[in-house]
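Chain lettering (A, B, C, D and E) follows the sequence in which the chains are written, and residue indices restart at 1 in each chain.
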């Protein structure tokens, strides 16, 4: 595994949707006198597969429980280190300045907003976590049957955000954090009720193979009130144990 | 005048100059190796462009730098027998033979494919690709290909190389018939003084 | 043997790739000919531009396609209002993405073959009465068939495998733009779907082995193995 | 002109691509020669295998690399315990991914050129006393330089642009595996970073225009334009 | 016996048979175009493999199907002058000339590059690429290249084509000197009866 060197912080594998917040957290940790953690961002799926094949890393932050669950039985996680780092919510967005009134319980208000050609951008509802939460909400609200063939399923949630940002689709479903990151180009026009989808939690764990002395300390920092405040600033909700 | 050739041509840094006229239908072109015979034939066929000059063959003006005339090769209708054959490698012998023929109006043709093949004894080669031909076989196909295009004049670059004496003699007779019966102007390059003596009414010597 | 979903994906992938290659072939050949036979100002620039889709990450290419051919893009707008052609979120857009990604591979292979055609043969053809164009059609074109086939196979393989530009430009819509690589990617995002992914990957492989076989048969048929080379 | 981060990314991308191409060139040429000059059982299979990285989506290729060269993979395990070489999460792994993605392009271009070398010249060389190998080295090899250069340029461009297999196999680690495309991708995930992304994309383009220019100069230098073709 | 040639060879579906012995150092090989002369030379040089037979030249056994002997071309040391020259297009004339020479031990060489060049009058061509040579120039380079490799015997396929009479005469004299002074066995293909009469001590006729 990577030789722990005194001037290099732990290697953190993090879901892409955490990019700004994680970089911010790593910076603050560094400011308080620690070597700066190295953060690699990719899809949670990609990161989990890498871990399953022996990737040498110190921390893993997944965008959903499934992928964290997939690495846990392999004995890859340090016992007792798994915790929910943050929560998130999903929202309906439109390009800035296009403030349609949407009634979340009425599919015709969606179809009206979409027009006859427009599509609803979201991360792939079949595979990507953000899309799966979105689909669950739409089903729960009884909208899915009318909207399922109006979806533009994107590679990941940020690609869905991009489609709305550039005005290629009139509506999109993204995390609240994504909407916050692009607040100058998109508007949140509705928030999906927290009860309409499984809870959105980002689990974090220290890896069993980690020999970095800072790994556990950095985890604790992220979960500390100071760490949590950083995430909340970026639009996440504080993590809660289920 | 069947041949009025006045031209200067740049080749590899050298300037080639030719000023010759010939009233002989079959005119020989001789000179030591490397003097520029093949280059001249290319100029006459329109395959390279002389620096300047005037070329008229059989009374037809093909090139005149002063008046800007420069007929493209396909309008000159030169029947060129290249020193290196240049058969089309992807076409069978038959398709090579008919390549130029098909581009010629039927009433201009003066020999059929069958006649040409039996004359050159290449019927058995029609289905072959050029890469399988012997030296002399390829030569005969090249001769047949040029003649079947019913050219208005002939440029022959050592046409008899690789041919055995019997075949060479037959082809010499064919050339004489073309000269006498069809009355086509022929410029004939050869290193063989006997061939030249026998055929040509006039000889252009390059030195 | 295949499920209905798999059939849809296969049919779509084939349609996208075949349309992409068929439409790109003439353009690729024309570009290859220009690069092989002409010199003109800006030749190197053109050469570089053709290579761009190879160098720029596919996702960026997809993003540029979005900017150009999207609803609000210059060309997209024009195509939509003038010709009624929509590319966004359509299989036609996937074909465009595949075509652009395949182009550099096709041009290079064809160019190599055209450069190898001996100009003396063209001279011979001209002297036999062939116009420039006729000589091109009967000499250059058939003699560069090895390059055309190599280019087509490379291009087809590349199209069948195209992912990044496609998903970015036309999204991942089942039945419309979910080609084999997109379906495979989708599978990879779901824990424990290795079986389904493996099936789809094997189908991709089979398709391009098929294309290879086809090109080899064409090569033989054209009688090239022995005679041209 | 460039920030320190950009320099790191550029240097890494160059290192990865150059190492990938340098190591792959001989292998690609050997494969091209085999395919061009020999017939043997399983030739078509080999040909198909070489094309795989083109057809299979890069992400799947990355996943297969993970299976093979990961810590638990057969080869990965052997390399690590026997030779002490780790590929996972290392720039060497990125170079391996780039090499594999570039291979099919290199082989095809080289193969076309080798097929065009006239065997009669090899006969002439042999009759002059050249062994099989000497004839190969002095005739086939130099006469196929156009294909080698074309293959190297295509392969280099492809390596510089490689994304999917890389991020899947060696992740996106700043300073170690974050090459230009990965940096661009990372930038694309951040709204409002169009400027940074554009800069990086332009750098990619400049690098491969550089490679093209270099290959054209090499072509001229080898005196080929006029004489070989 | 300088030449003991007994072989059958399959070519394009036809079977070629040759049974000939010659005690003449310079032996002619004649026959009509397409009969198989070039194919035989290739068998002797080791460039194609006869179906079976026995080939011995200058007392050295080169091929014997019954005992499985088949020397590879580079060990036969045939100096082949190919009907189609086969100059290496990517090498300058000088490199073409020295290609085989460099593969020969210095003490085996019997002529220097300078002597050969001045004899063939090709000094001014040394820096050229073959594609820029005229027919006769290429022919001379091909002859020089074969001789500079200090071959153990010579196979000449119509070596004098494309050469003007003066040069042809010089090369004929060179061939005679090689025969008389170096005593190398030479198999000489030509369609020119005079050349054959003048040079060869014995003629193998193929029919």
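Following the convention adopted for this analysis, a contact is a pair of C-beta atoms (placed from the backbone, for glycine too) under 8 Å apart; a residue touches a chain by one contact, two chains touch by 3 or more.
All values derive from a computational prediction rather than experimental measurement.
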Intersection of the contact lists for subunit A and subunit B: C
Chain pair bearing the highest count of C-beta contacts: C-D
Identity of the chain that, by mean CA position, is farthest from subunit C: E
Distance between the centres, which are taken as Cα means, of subunit C and subunit A, whole angstrom: 36
Computed distance of Cα centres, subunit E from subunit A, in Å: 79
Interchain centroid distance [CA atoms averaged], subunit C/subunit D, Å: 20
Residues of subunit E touching at least two other chains: 84
Touching two or more other chains - residue numbers and ranges from subunit A: 49, 162
Sites on subunit D at which at least two other chains make contact: 59, 63, 188
Which chain pairs touch, all of them: A-C, A-D, B-C, B-E, C-D, D-E
Touching residues on subunit C, where the partner in the complex is subunit A: 59, 63, 66-67, 70-72, 86, 88-89, 167-168, 171-174, 185-192
Partner subunit E, residues of subunit B touching it in the complex: 12, 30-34, 36-38, 83-84, 132, 134-137, 139-140, 157-158, 161-168, 191-193
In the complex with subunit B, residue positions of subunit C that touch it: 120-121, 123-132, 134, 138-139, 142-143, 223-224, 226-228
In the complex, subunit B residues that touch subunit C: 42, 45-47, 72-74, 76-80, 82, 84, 86, 88-90, 99-100, 103-104, 129-131, 145-146, 149
Subunit C partner contacts - residues on subunit D that touch it in the complex: 44, 47-48, 51-52, 54-60, 63, 104-105, 108-109, 111-113, 115-116, 146-147, 150, 153-154, 157-158, 160-161, 163-164, 180-181, 184-185, 188, 197, 201, 204-205, 207-209, 212-213, 216, 229
